[in-house]
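Next up: the structures, one after another.
Presented sequentially are two complexes of chain A, the first with chain B as partner and the second with chain C.
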Partner chain A sequence: MKENPKILSFLCKWCSYTGADLAGINRMQYPTAILPIKIMCSSRVDPVFLIKSYLRGADGILVGG
Partner chain B sequence: MSDKIGIYVCECGPNISGRVDIDRIIAEISNLEEFSDKELIVKPHKLLCSVGGKAFLEEEIKNNELTHLVCAACSPRDHDTTFINVCKKTQLNPYMYTIVNIREQCAWIIPDKEKATDKAIQYIRGGIDRVLYQEPLFEKQLESNPDVLIIGGGMAGLTAALVLAGKSRNVYLIEKTSILGGKAALFSEFLPHQSDIADLKNKIKEVENNQYIRIFRNTELEKIVGFLGNFEIVLKQNQTGDTTDLLAGAVILANGYELMDARELDNFKYTDADNVFTGLEIEEMLTSQGKITLRSGEKPRSAALIHCVGRKEAGYCSQVCCNYLLKTAGYLLKQVPGIEIIDLHQDLCQPHTEDQAYFESFKEKGMQFCRVQEVALDGNKIEYVNMAGEKKEIAPDMVIIAPAMKATASNEALSALTSIDLHETGFFQEAHIKINPVSTKTDGIFIAGASRGPCDISEAMIQAQAAGGKILTQLIPGEKIIPEVKVSEILEAYCTGCKTCLDVCAYGAIYFDNERGISVVNEAICRGCGNCVGSCPSGALRSRHFTNLQLYQQVKEALR
Partner chain C sequence: MNKKNRSVLVVGAGIAGIQASLDLADLGLQVHLIEESASIGGRMPQLDKTFPTNDCSMCILAPKMSECARHPNIKIHIKTKLSAISGNPGDFLVKVIEEAKYVDPVKCVACGICESKCPVKTDDEFDMGLRKRGAISRYFLQSIPSEYTIDKTKCLYLTKGVCRICEKVCPAKAINYEDKDKEIELNVGAVILATGIDAFDPIGFGHFGYKSFKNVVTSLEFERMLSASGPLGGHVVRASDKKEPQKLAFIQCVGSRDESIDHNYCSAACCMFAIKEAIIAQEHMKGLQTAIFNMDIRAYGKDFDKYYEKAKNQYGVKFIKSKVSGITETEAGSLILKYVFENGEIHYSEFDMVVLSIGLQPRANIADLADKLEIKLNEYGFCRSDAFAPLQTTRDGIYVCGAVNGPRDIPESVTTASGAVAEAVKFLKLERQDMTPKEDAVPEKDVWGERPRIGAFVCHCGINIAGVVDVKSVAESARSLPNVEHAEDLMYACSQDCMNTIKERIKEHNLNRIIVAACTPRTHEPLFRETISEAGLNPYLFEMANIRDQCSWAHMNEPELATLKAKDLVTMGVAKARELTPLKRLPIEINPRALIIGGGLAGMTSAQSLAAAGYECYLLEKEDELGGNMRNIYFNFDKDPQKYLAELVADISGNELIHIYKNAKIDAVEGFVGNYKTTIAVKNNDKQEILEHGIIIVATGAEEHKTTEYLYGESSRIITQVEFEQMLHDQDFPKPKVKNVVMIQCVGSREEGKMYCSRVCCTKAVKNALNLKKKHPNVNIYVAYRDVRTYGFREKYYTELRDQGAMFVHYEPENKPQVKLIDDFDPDSKVNVTMFDPIMNREVVVEADLLILATAIDARKENIDLAKMLKISLNTDGMFLEAHVKLRPVDFATEGVFVAGLAHNPKDMDESITQAKAAASRGLTYLSKKSILAEGTITEVNEDRCTGCGYCEEICAYNAIAVDPEKEIAVINEALCKGCGACVASCRCSALNLRGFTNEQLFSVFDALELTN
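Now for the complex of A and B:
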C-alpha cells in the first residue's frame, strides 16, 4: 500500500458529514488520508467527479450518504 | 475590481490553537504562490463566533472592502449561519463566503500537531479556491397565505382545526363522508380510563360553531400544487361533482385508517351469518341498539377475544387493539353477569401509564387470559396452540376479533396528489421518526393521526396538536417566506427534454414545459440536493453554490 494514500470523500451534509463531525467531537482518530468534501446530498455526485478525481490522483473515493 | 480575499483563522480558545500551529498557518497561507495575483488578508482571532469576533469580522469586511471571505473555524453545523449573518450586515454577499472546518474534521482527529497543521492548510487552500468560484446569490421574499387545509374530520383533524382556529387561523376542514368524528364517531364509549365520549361530541360541536373553521362534508382533494405558504387547492364535492378553488399555506393529512378484512387471511374463515364481530362492529351495535347480542338477538353466554389478527401479515403491531378489546370485554361483563370470556393474545401492548392497572382490573373480574402461539378461526370454532404447545379447541357463542389497522386507499391517492412518500406499510412517511415526526419531506405538508401509522386517540390528538403548533410557528401571518437559494437551475439551451430529472427529483420540484420541450425547476420547492444535477446526461442542470466548478476546485486542492 502507498505510504500516503489520498481518499477523497464526498460527504452528504445531512448524514455522513455530520458523522465526520461527531467523530471529531468524540476525539476519535482517523487517517489524514481522508479528504472530506461537503455536498448537499450524495446523489449530487456525478460519475464524472469520480473519474476526474482518479485521473487527478485519488487512490480511493468514499461517497457517504 | 480586483479580488480581495479575507481569511480569518479562529483559534476557538485552545480547541484549535492547542492542536494546530496557527502561526504557521498564517505564514504559509499569506505566501501562497498560486494566489499571488490576489490580495490576501490573513489574520487569526481568538474566538470568531463571540460578540467581539463577529464585530471584528464585520469591521474587517467593511474596512478592507473584501470581495471574498474564508473563515477557518468549526463545523458549518455550528457557525455557518453566524458568519452568514455577519456578511448580511456588510456589503459582502453571504454566498461569497465559505467556512472551512479545521476543528471537528482536522484539529480534533489528528493528534500530531504538524500533520494537523498541514491538513488545516490544505483545507484552507481548498476553501480559498472554492470561494473564488462562488457567485453572489440573492434571496427572494414571497408573500404567504396563513390559512390551513386539513384533510380528514376525525379526531386528529378536529383537534388540529381547533388548535389553529384558537389562534384565529382560517381552517378548511374537508371530510370524505358526511359525518365528523371519523371512526370514533361509531364508538359508544372511549376507554374509560382515558376520556368520556361526550368529549368527542363537544369537540364536533365546537368545530361546527367555530367562526374560523369552514367544513366541507362529502368532499375530497382533487388537486394541489405549490409550496409552504402558497398552495393552490381544488376540492371536489363527491355527490354533486362541484369544485371549489382555495388558497392555503399549509396542509395537514389526517385521513385516518381502516381495518384489515380478517377473511383475507388463510386461517380466518367466517361469514356474515356467524357470530364473529370486529371491535368496531361491536361499537356500532352498541351505538345503534344499545346492547350487545348475537345475530339471533340472544345474549351471548361465552365469548372469546382474539388479538393480533393479521399482525404477522401486516408486519406491525396496531397498538390499540389490546385496550379496545378489554373495553369490549367490559361491555359484556356489565351486560351479561357471569359471562365466560377468554382473551387470546400473542402479545399484550399496554403503552400508557394507566393501562396496566386497567388490564389488571379485568383479571380480577375473572376473565381468562391465554397467550397463544397460533390461532385459527372457522365460524365460531377456534383452534389455538398455547405457549406450552398444546392444541385446544373452543366454540364460544361470540367471537370478537381485532384485525390490524391498515392505511386507507386514500393514502395512495393523496400520495399521488401531494408527492408525499408512503412507508412500505402504506402509511405516510414522516420526515424523521424522532426529529421530525409530524412533518414530511415537503415543507408545509404535515401528517397526523392514523394515516401516519397505527395510534390511539390520545396519540392522534398529540400529533394533531404538534402539527398545529408547527404550522403556527412556521407560517406566521404577514411574514414573508424566503425559499432556499442554493437550488438547482436549468440551463435551457442544454436541456434536451429527456425528463430524467423529473424521475429522480424526490420533492416533485421539476415539471416539464411541453411547449418549450424542457424541464423547469420550481425553485420554491427545490431543496438543492443536486440529485438531478448528478443524473442529467446533458449537463443542463446546475447546483447553485455547489457547482461542478466549485467542487472541482476543492477536489483539486484535496489531491494536490
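Now for the complex of A and C:
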C-alpha cells in the first residue's frame, strides 16, 4: 500500500458531488486519497476513463451517481 | 387606471430586501435599494450557520449579495435613510438622505491600511462588541460595497478637529473629510419595506445578570463566538477565564411571550436558533453538555421537528420544560440557574456559560418611519397588516416583507419578499424583456487558436481554507504548472474587491483561462463566470477547484495532506482549464402563460397575482368547485374566511386572463421551461385538451390525516378539529348541554415515520376553543398537548384561552391520553379521557361530552405521480421539496416550476397567500422575458462519425435526441439537453461529445494525475 494513495472519484454534479460538499459542510472527515472530478452525471463515465486513470497511476476509482 | 412607474424603492437590504430587489430587477424594473448600515446583507452575515441544514449562512448569502451588487437594474444606496414621501401609488416622490461616507467609493481599494492605523478603537456592532473597530472601517469582511466608511461620531478629526492619519496613510487618496450628506429625490411607483427587526436587549432583565455576569451572553453574541470568521475564530471560551465551557445552558423566551414587557408574542425563530447553536457548539467542543430551558419548543417549520429530534437523540441536548426565575454567579464565574417546573418544584443547576435566547422586536425607529410613510402599526409596534392581505400596509402602494410586520425566519422572509413584489407590480410598468445581449455589454474576446494563458486564484475563505491548507504554497505550486501565467492567493475570492482583482489580472496578463481554487462550484461558479465575462472572456473558460468543502473541511486534522490534495486538485483543474473552449448559450423562447395546478386558496391567489400583472394562466382544479381545504374553514380571528373565499372566487372567475378548468386531471406533461405542453382531461368531456404554457405553479394542497387513534369513528362524540369547526359553524352540538370538552393535539403528527409538525393545529384548537367559550362560557376545556406552538402573534390567543380557564395538560408520546367509551354499545357514547397531569403529578379522568382530535396535515398521495411528471422532488414526508430550504423556498430545482401552499408544507391561510404571491412573482421573472438563455454544456454531434444507430435516442432520459430519418444522423434538441453525457458514453462511434466535459478535457485530467504522483 502506498503512503498517499490516490482514488480518482467521478462524482455526479447533482447527487454525489453535492453529497461530498455536504460531507464537508458537516465536517465529516475522510482520507485525503479521494480526488473528486465533477461530471454532469455518472452515466458520462466511459469505461475508457477507468482504464486511462489506472494507466496514469490511479490507485483506485470511485464512481458516484 | 392606476398610474404606473418603472422604478421602485426597497427600504432595507437584509435578505428580504435583497430578494425583493432581485425579483424586481429580474422583471426589468429599476430598483433603488436603500440601507442604513454600510453594507447590504442585514442579519444573515452575522449568523454562523442556518437551521435545519447547518448551511454556512454567509456562504449561501454571498452569491445573492454579489448578484444584487452587479445587477444592472439595482442601485444600492448605503448609509441612506428615507426622509419623506409624497404622491400616490404609481407616482410617489420619495426623498432619501445619503449620509456622508468621507471615503470616495471609486478610489477606495479596501486595503484596510486606514483602519489598521486609526487610533480610535470602538466596539464593533457587527461582532456585537466582542471586537474593536476603528472610526474608519467596513461593516464586515465581505461587505458589499466593500469600501471603507468613516463613522463621523467616532472620528477624531470630525469630532475634535485633530488626527487625519487615515488621509495620510491611504495609498489611493480616497479620504475626503469634506464629504456632505446628500438628499436624493426618487420617483417610484411603489415602496417595499424590508427594514427588519431589532434583537431584544436583556439589559433590563437584572435577574439574568446580563452584562453583570461575564459568562452570560445573548444568542446573537454566541453566534458571533461560534462563527469561524468571528472575533474568537470559532473557538468558544468564557469571558471570565478564557476556558472552554463544559456545561452550557440556553434560556428561551427572553423578551418573548412576556406580558410584563408588552411582548405577548412569540419571536418565532429562537427555539430553532437555540437548537442550532447547541448542536454547533457541541460539534465545536467535544464533551460539551447543553441544556435548553423552555416553556414549549416551537419547531413548527419544514423539517424542524426532525432537527429537534436529532438534537435530542443524536447530540443529547437536554430540553428542560421550566421557567428560569434567576441566575447567581459563583466565585469561579460559573452560573447557578434557579428554575421552576410547572408543578411548582424549584431546582438549581450549575452551568459554565449561559446563552439568553433573545426575542425579536420592532426596529427602534419604526414609529418614526411609520409617521413619515403615514402607515399604521399594530399593538406590538410592528407594521399592521391583515390576515388576507398579509403583505399590505395600511397605505396603498407600500408593501412589507421580512420581519417588518411580525417576527419570522429566513425562508419565510424570502417568501414574503417575493410575495411583496407581486403586490408592488400592480403599480409598476412591466414590459416583456428581450434578453439577447445588449450592445453595451463587454465584447467577447476571440481566444480560438490562442495559446492557453491560465490565471490561477487560490482563496483563503478567511480561515475556512487557510486554517487547514497552506494557501500560499498552493498558489506557489500552481505558478509552476504549464501554461499558468499568473497565480495569486486571495482572502475572499467572492468578495467584490477580489473579483475586481481577477478582472484586472485578466487584462494585465492577457489571461484567457481562469481557475479559482475555493469553495464549491455549485454555489460560486455562476458568480465567477459572470466576473470573467465582464472582463471579456467567454464564461465557459472557467474552472473551479473545490479545496474547501471537499478538502479543508473534510481533512481538518491533516493540514499537510490536505495541502498536498489541494495542490493535486489545482493541478487537475489547470489541466482541464487548458483544454477549455468558449461555448455559446442559445436563447429559449418563453411562452408567456402559466399553468397552475390546484384551485385552492394558493392556486387562486397565484392566478389573481399573475392576472394583476397582465399575464394569462390556466387554473386546474380536480374537484367541481374551487376553494380546496379553505371551504372547511369558517373562522379566523378577525376576518370571515368564507366571505374572503367567495370574493376571491368571484374575482378570478370574472377575469378573462384566467382560464379555469374544473374536474380537470393531468394526463401528461411534456416540454421544459418556457415551452410546456400539458395534456388535460376534463370529466364528462371525451376530448383531451392540450395547454401550452411557459411555467408551472404546483398548488395541489394537502389532506387531513385519517386517524384510527383515540377510538375515532366509534362514537359521534369523537371528532376532528375540522369537524368541530363545522359543528361550531352550524351551532349543532350534541345534546344535552356540553359540559366537558377534551382536545388532543398532534394526532398523527410528530411521530416516528411522520416526524413533522402540522403547524396550524395548535392555533386551530385555540381558535375553536375560544369560539366555543364565547358562546358557552361555562364549558370546561382540556387541551392535551406536547408543545403549544402558537407562534408569532398567535400567542395572544393562547394566553387569552388560558385566562379563560382552559386547562392545558402536557403529555409525551410514550404517555398519550387514554380514551374509553362509557357505553361500548352506544354510537353516541360519551368518552372517558385519562391523562397524566404533571402539575398535580397524578392521573386525571375527564368525562368528555366531546373529544376533539387535532389530526395532522398529510401530503397528498397523488404528489408521487405529479412529481414524476414534472421531474421535481418530494421530501421524506411526501411534501414537495423546494430548490433550497432557506433561500429558494418557492422554486424547484427544475427550472420554471414553483410551489405554493400546503403542497409545500402545512401552513396557515396568510402564509399560503404569501407563498402563492411569491410563486407568482418568481414565475413572472420568467414570463416577463421573451426568451432566456440555455446552458452551454450540452451534447454535440460529429455528423461525419454518426451512423444513425439510434442507441443514444433510446438512452436519453430527456427525449433530447432524435435520429433524423433522412440524413440518418442523431440531432440534439439543445433546449431539452441537460448535458448529462449518457449518450456520449454510450456512443459506439465516438460521434458524440459533451461540451465542457469532452473526452479530451477529461483525459487531460487523468494525464495531470501522472504529474501529481
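Just so we're on the same page, the second predicted complex is superposed on the first by the 65 of 65 C-alpha atoms of A that agree within 3 Å, B and C clash if a C-alpha of one lies under 4 Å from a C-alpha of the other, contacts with A are read in each partner's own complex, and residues count from 1 in each chain.
Quick note on the criterion: contacts are C-beta pairs under 8 Å (C-beta built on N, C-alpha and C of every residue); 3 or more make two chains touch, one makes a residue touch a chain.
Values in this document were obtained by computation on a predicted structure and should not be read as measured data.
In the superposed pair of complexes, A:Asp46 makes contact with chain B and with chain C alike. Of the two partner chains placed by superposition, chain B and chain C are both touched by A:Lys6.
Within the superposed three-chain model, A:Gly64 lies out of touch with both chain B and chain C [touch as defined at top]. Taken together, the two complexes place residues 6, 8, 13, 18, 20-21, 23-25, 27-30, 32, 35-41, 43-46, 49, 52-53, 56-58 of chain A in contact with chain B and also with chain C. For chain A in complex with chain C, the touching residues are 4, 6, 8, 13, 17-18, 20-21, 23-32, 34-41, 43-46, 48-49, 52-53, 55-58. Residue ranges of chain C in contact with chain A, taken from their complex: 54-56, 283, 520-522, 546, 548-551, 553-558, 561-562, 564-565, 568-569, 572, 937, 955, 978-982, 984-986, 994, 997, 999, 1002-1003, 1005-1007, 1009-1010, 1012-1013. On the side of chain B, the complex with chain A involves touching residues 75-77, 101, 103-111, 115, 118-119, 122, 126, 486, 504, 527-531, 533-535, 543, 546, 548, 551-552, 554-556, 558-559.
Contacts from chain A toward chain B in the complex involve residues 6, 8, 13, 18, 20-21, 23-25, 27-30, 32, 35-41, 43-47, 49, 52-53, 56-58.
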